[in-house]
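As structure tokens, here come the structures.
Two complexes follow with subunit A in common, the first pairing it with subunit B and the second with subunit C.
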Partner chain A sequence: MEIMRLVVTGPVGAGKSTFIRSVSEIAVVDTDRQATDETSLIKQKTTVAFDFGRLAFGPEMALHLYGTPGQSRFDFMWDILIQKAHAYILLVAAHRPREFVDARRIRAFMRQRSQVPMIIGLTHMDSPNAWDIENTAIALGYLNADKCPPIITVNPNEAASVAQAIITLVQHSMQNCLV
Partner chain B sequence: MAVTGYLSEFSLAEIFSFLEQGNKTGLLTICVLSEDQSKKRENHYVWFNQGRIVAASNRLDQHGLANMIGQRGWLGEHTALRVAQTCAATMPIGLILKTQGLLTVEQLKLLFYAQVMRQVCALFSLKDGWFQFDGKVPLPFAEMTGLNAPATEVTLSALRVLKDWSALASKLPEPSSAIKGIIEGKPQQKLNQSEWHLWEFANGTLALHTIAKQLQLPLEKAQQIAFRLVTAGLVEEVPLVTVSSVASRPEATGPEIAVPETVPAEATAVSHSFLHNLVGFLKGKV
Partner chain C sequence: MAINTEKLGIVLQNFVTATSDVQGAALVTPDGLPLAASLPGGMDEERVSAMSAAMLSLGERIGQELARGGVDRIYVEGDKGYGILTSCGEDAVLLVLADQKAKQGVLMLEIKRAVAEIKLILN
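Up next, the complex of A and B:
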């Protein structure tokens, strides 16, 4: 079985879970583990949580989608996910500038650990308070167009929009010699 | 689309950083929000040219600078206004007055300090406010001394003297985060001693709480200095996996916190045919 692993990351409320649900052929697995009595002390600090979705498109081919935990808490699970990812998409709610700083933190965390291809997906672009792509790119620290990853608009609620976002990510990966 | 929001969401330091890094030209309006409805609405205006602050005022009639000149007795306010009105709106009034020998360079510097540095720095103590940046507003030549300052230089000055950081608490780099330099070479900005000390640690490996210990600084102080370096565009915050999280990795703590089966075992390359098939499959869903 050949598998491509994509990580869907972003601040709380950017649409990560919805994004995965929109294209996954299986019910999205929320792997949040509740602490047991025996491990509650450790578990309270180390809750393992991420969304998992799958898209099989051949007898031996599948796309796996992993959504990072929503909290701005970078535990070992983040580390594992990014180390094993082939590419990732950073979702950013364009109408909530307060979360741009979280998006920058996540990007810095990811970039420190992996050089896999990435794109940025701006959500909630239909909101009247949404920042446009150019200004959001600057706010996220992309000042040089040559060094800026592809930035697209995506509606996590629409399967077609999510599919288009993944196409962009895969094509970007192909250009970056993923294979 | 508008660049608008609340200072509680996107701080003035972040706005200035955004406007400087984006080389923006236009007018930033800040409307102070007061719980007292009976109070008159208080607006502040800051004009930018290519990311640099060129003027500031709490009025839009372009009489602010002339008024300041008049208050100092350097020139009658009406005279200054007449000069501003008779001159074509292509040159800052400060430069015109200097060219005509009516004001000296030193006087212009003092005016710029009072108009921009003092007024704008005071805005950093606002708890909240609504802001909007309009990139279509022409430059206000009658409010301009002809001098300017990079927005982040003003930010650095303001944050160095800021007493109450409560409004910026959520913006400060986390104690468990490192900072990493994002510029080539050394900073061009004039940094103070504590900023230089923190800069020396901007290698993305040491957590701020460790840096604070090494520099014998209160953690909060180290976070504030780091925030200044971030907004000056010199470093970025790099979250580190916390020690407690690393210690509780599955390998370290035993099977009771086993990694779910869905976590991949290892990353292997995917083939071209796989990617082409995937794109073809997804195109059918668009």
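Up next, the complex of A and C:
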């Protein structure tokens, strides 16, 4: 069976752990700890090593999902996880524009280390303060639409929405392989 | 009562200077933020803290998944020395860096004492 390793990354509170929990077929291996920094304003617990989930994708392929921590002090974990990734999704909370700069930093960090295909997933799009896709793309530094990776809307709480995001990511990475 | 960080720093510093072959120590929160540290030059406190938290949480998870029970300590033995992580109650994790020459029995005993002392300050 072929294994495809997908990394789920993004700033704190974008929905990475929830994303993996929604679709994993096994009990997710998580490393949550009580948050004591500014993270605690958003949520109580935060990932400190990684989340791991597994999902069968057709009869021949298994997807291994790795979720990274959000805070940049854990960038050594970003490094470890991206080294073996086949593709990754950058989750960004569309209603917290202040964190776009963190998302850009993660994107730059990943791009320096890995050329694997990636897509962007915007979460919290149902919030009244959410930015739309076009503006978020510009805020994330994609001024030229041709060079922009696929951007999708995803609700990490809904298994169907997460599954759609994963299909998009796998398709995108397959296309890149063929080119 | 507020945590006496100054006292924590002094306890760590004393531990590092008084225990032979110990090169550094750091006390961090379980989510990877520094509380107090006395580390060798060139080591970044924030990075060390995050790494300690990641390692302890993974170790505890391994203990749980592979039915090894609660984790007392996590041990990294390299050819240049040891890195030992010990949980200090719910709110802190102690990392000790020791030389290859360190006698393990003495080291464990000293760590146990330091943990007891730190717990007193934290509570």
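By definition in this document, the second predicted complex is superposed on the first by the 151 of 179 C-alpha atoms of A that agree within 3 Å, B and C clash if a C-alpha of one lies under 4 Å from a C-alpha of the other, contacts with A are read in each partner's own complex, and residues count from 1 in each chain.
By definition in this document, contacts are C-beta pairs under 8 Å (C-beta built on N, C-alpha and C of every residue); 3 or more make two chains touch, one makes a residue touch a chain.
Small disclaimer: the values here were computed from a predicted structure and weren't measured.
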Considering only the touch criterion stated at the top, classify A:N129 as touching first (subunit B), second (subunit C), both, or neither. first
Name the contact category of A:Q115: first (subunit B only), second (subunit C only), both, or neither. neither
Tell me which partner A:N144 touches in the superposition: subunit B (first), subunit C (second), both or neither. neither
Taking the superposition as given, does A:V29 touch the first partner, subunit B, the second, subunit C, both, or neither? both
Which partner reaches more residues of subunit A, subunit B or subunit C? B
Interface residues of subunit A shared between complexes with subunit B and subunit C: 29, 31, 33, 36, 39, 46, 48, 73-74, 76-77
The answer for subunit A against subunit C in the complex is residues 29-37, 39, 46, 48-49, 69, 71, 73-74, 76-77
Across the complex, what residues on subunit A touch subunit B? 2-5, 23, 29, 31, 33, 36, 38-39, 42-43, 45-46, 48, 52, 55, 57-58, 61, 63-64, 66, 72-81, 83-86, 96-98, 100-101, 104-106, 108-109, 112, 129-132, 135, 138-139, 141, 143, 159-160, 163-164, 166-167, 170-171, 173-174, 178-179
So, in the complex, the side of subunit C touching subunit A is made of residues 29-33, 46-47, 49-51, 53-55, 57-58, 61, 65
Subunit B residues touching subunit A in their complex are 1-5, 8-10, 14, 18, 21-22, 170-171, 174, 177, 180, 182, 204, 236-242, 244-246, 248-250, 253, 256-257, 259-260, 262-267, 269-272, 274-275, 277-279, 281-283, 285-286
